[in-house]
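Two complexes are shown next, each including chain A; its partner changes from chain B in the first to chain C in the second.
For the complex of A and B:
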């Protein structure tokens, strides 16, 4: 189960020519315990790739299999139910809010997937508490809260559908450092307690190094790298991916060059600090 | 979302593309006036001149390098109107010689057949590609069964086709087609920015009576500029709501209302936000309402432009002369 891409290509129809957004992508994503970051520069087909995962886009060539459902589907086969199994949070999801109250907006997703009013309410309250929306806000208008809170409400709207895989398209874009940290902590918590697979598009290599386990690098619509992050950052041709090094690795490399502290990769600041303390005690 | 074809600019480098936009717009107005001045009549003169305009328009289309297929696609939205006016004219003009007469009857058999047809139409319409044509075909069939199944009838009526009616119907049919081809020729060969410039420059005399022409032109160009942007935003929101389980294609009417709201409110909010951002960006770059502004593109009226204008004015003059003399 999970999601499989088998030699998938997708071409956008242009005025006269069709141009390929992604080409010949083969992937296997397990439904549990994966934390995948998809990186690549603007226009490399990241958003196109993730929109195949919940059947918003159908491959023009090749096949995608999402929880056993083949895409493109056979005639008269409905694929709508896949969107409950694979929850997709778009860029700037706060723009999709529309209901009168925050709670009603979070309930919109589950209600579309045939939950009764009470069930939807229960799921919405659970999702709201996961993202840290206070009970006192439930009856407020979603247009009268801060941008960071709006984003949390929008994320809760997807979480309330109880998807098995969570896909995030640049979830931290436009947030301040604190908002970014808080939001990522929520996703990490979901990943660790419920073992859900999380797939995240990002440009921030620090987020990749701190949270992701597996990294997919796209370059001009093709798969340039797919593997654990440890392998990516030690890749002999890392420059060819045109990616930035995470800050913690940059610091370590600098220290090795300038003061001779042996290079040993640490992927977040806490372990970096720990490592430096260890080294200085020796 | 990307299949809005009416009035879409087709890039090219024909003489029509290169004509000054002001001249093109003026010529269109003159041609339209000419087309409407030709009297609706059944003598051969007006019909021949209408046909001549039609052929002339086809030649112009070909010389501008516009594919005929595009032109036909542009006519599609008015197929319904065309057929409707054609049949109204056909049956309600009762001058001249009677050509054919149809007896229609509402009877138990024909009403039954009509209900069956409507049910069949509702069931089958999702499998048919040419919706409008199919709909017209069914409407025709509705009348055909009234003609063919007069058994057990309780009401009968007659529709007569006279030769005058047929000619007038044909005349109006060609006239509407001509008007559509003319206007689409303008929009096919002129960029929206050029069109906007033409409107602004032709409306300039209104400044004398204190009409804020440049503000109107700016509003027009911003509106045109933001159509694709808003379509894009709408598509994004549609996808986002589809990810929350909204099925825009197959759902009951009751659900549809909520779905439309889930689309409308976000798009409304976004367009206000966009407008505010745009206003700020314009102000930052020194835009002041009503202040004098210069243009990046200068337009010059050349020999060809003047010749084109003279040609269409001669054409209008000819029609007026014929009308007065005839």
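For the complex of A and C:
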């Protein structure tokens, strides 16, 4: 189960020419316990790739199988239920808020997937509590809260559909550092307690280093790397991927050069702090 | 020099967006104004360029008090670049956009062409003069906006969250350009931001919370006040937070701590 891509290509149809957004992608994503970062330059095909995961796009060539169901070659109604299985949070999802109250907005998803009013409300309340939206805000307009809160309401709208896999397209873009940290803590919590697979598009290598387990690198629509983050950042030809190093590793390289601290990769803040304390206590 | 004395501003009667703000900004310096959303930082920048008139207090720019009479002269000294690159691109092409502010200055066509080329070169956009906005990246659009401001030959440039909608590459482009404007062209730079790693590159920081200044000083001094910054919803970036955590531990080699500071200041 989970999501499988078998030699998948997708071409956008232009007026005169078609252009390939992704080509010959083969992937296997497990339904649980994965935390995957998808990275690559603007225009490398990241958004095109993830839109296949819940059948918003259908492959031009190759096969995509989502929870055992192969995507059909043409759009048909039957794939809609996959959007409940694989929840996709778009970039700047707060632009899509529209209801009169926050609670109604979060209920919109589950109601569309045939939950009764009571069920939808229960799911919405649960989702709101996961993202830290307080009960006192339920009846407020989603347009009268801060940008960070709006983003969390939009995420709750997807969580309320109880998807098995969560796909996030640049979830922290435009948030301030505090908002970024708070939101990532929510995804980490969901991943750790519910074992949900999380797939996240990002440009931020610090987020990749701190949270992801596996990294998929796209370059001009093709798969340039797919594997554990440790292997990516220690890759002998890392510079060929044209990616930035995470700050943690940049700091370690700087400290090795300047004060001779042995370079030993540490990927998250807590382990880097601990390592630096240890080496300097010796 | 900019001197702001006892500046207050209210959008409505019950709520003061700025309360008795006093700021002095030296000529040729780079100052960052930091604060969370709603702290008053953008209100302050709008007062500085005369887009908003203060409720109380005075603003003096190069010896001229901000008032209706002086405003045209002050506008020649101080320019602003906003957050969203798409909302401030007014020309059809890069060339027309840079030309926009020059159009009512009675320049001959030769002078005009010369000036456009000159400012396009300063921001590294000379090869893009015929391009339309949709053919440019966010960072490139912001560089064009900066060229437009430079073409007005203003000495003071305010950048209001000018990097917050850009990707890391675009941000880096603008950071390099700001350094150049400040160091090589001696422009006075005021950056409005909630990004502490970006602010850390400037000479001096001013932190606003709920319309009041709560901290002021060099980046090194301000970043020590982690608790106060947190209470203002400002989060230290990775490297600075690590610096503080290690500096607190007496067992950690001071040389390591210093090396980490050096890392943070080069960005």
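Simple rule for what comes next: the second predicted complex is superposed on the first by the 277 of 282 C-alpha atoms of A that agree within 3 Å, B and C clash if a C-alpha of one lies under 4 Å from a C-alpha of the other, contacts with A are read in each partner's own complex, and residues count from 1 in each chain.
Rule of thumb we're sticking to: contacts are C-beta pairs under 8 Å (C-beta built on N, C-alpha and C of every residue); 3 or more make two chains touch, one makes a residue touch a chain.
For clarity, every value in this text was computed on a predicted model and none was experimentally measured.
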| query | When the two structures are overlaid on chain A, which partner does A:56 contact: first (chain B), second (chain C), both, or neither? | reply | first
| With the two structures laid over each other on chain A, which partner does A:157 touch: chain B (first), chain C (second), both, or neither? | first
| task | Report for A:108: first if it touches chain B alone, second if chain C alone, otherwise both or neither. | result | first
| message | Quick check on the superposed pair: does A:263 touch chain B, chain C, both, or neither? Answer first, second, both or neither. | response | neither
| message | Going by the contact rule set out at the top, does A:90 touch chain B (first), chain C (second), both, or neither? | response | first
| field | Touched partner set for A:203, first chain B, second chain C, both or neither | value | second
| field | Touching residues on chain C, where the partner in the complex is chain A | value | 36-38, 137, 164-165, 167-168, 194-196, 233-239, 241-242, 245-246, 249, 251-253, 255-256, 259-260, 262-263
| query | In their complex, what parts of chain A are in touch with chain C? | reply | 42, 146-147, 174, 176-178, 180-181, 203-204, 206, 244, 247-248, 250-251, 254-255, 258-259, 261, 269, 272-273, 276-277, 280-281
| said: Please output the residues of chain A touching chain B within their complex, sorted ascending. | reply: 13, 51, 54, 56, 78, 80, 83-84, 87-90, 93, 95-98, 108-109, 112-113, 143, 157-158, 161
| What does chain B use to touch chain A in their complex? | 2, 236-237, 239-247, 250, 261-262, 264-266, 269-270
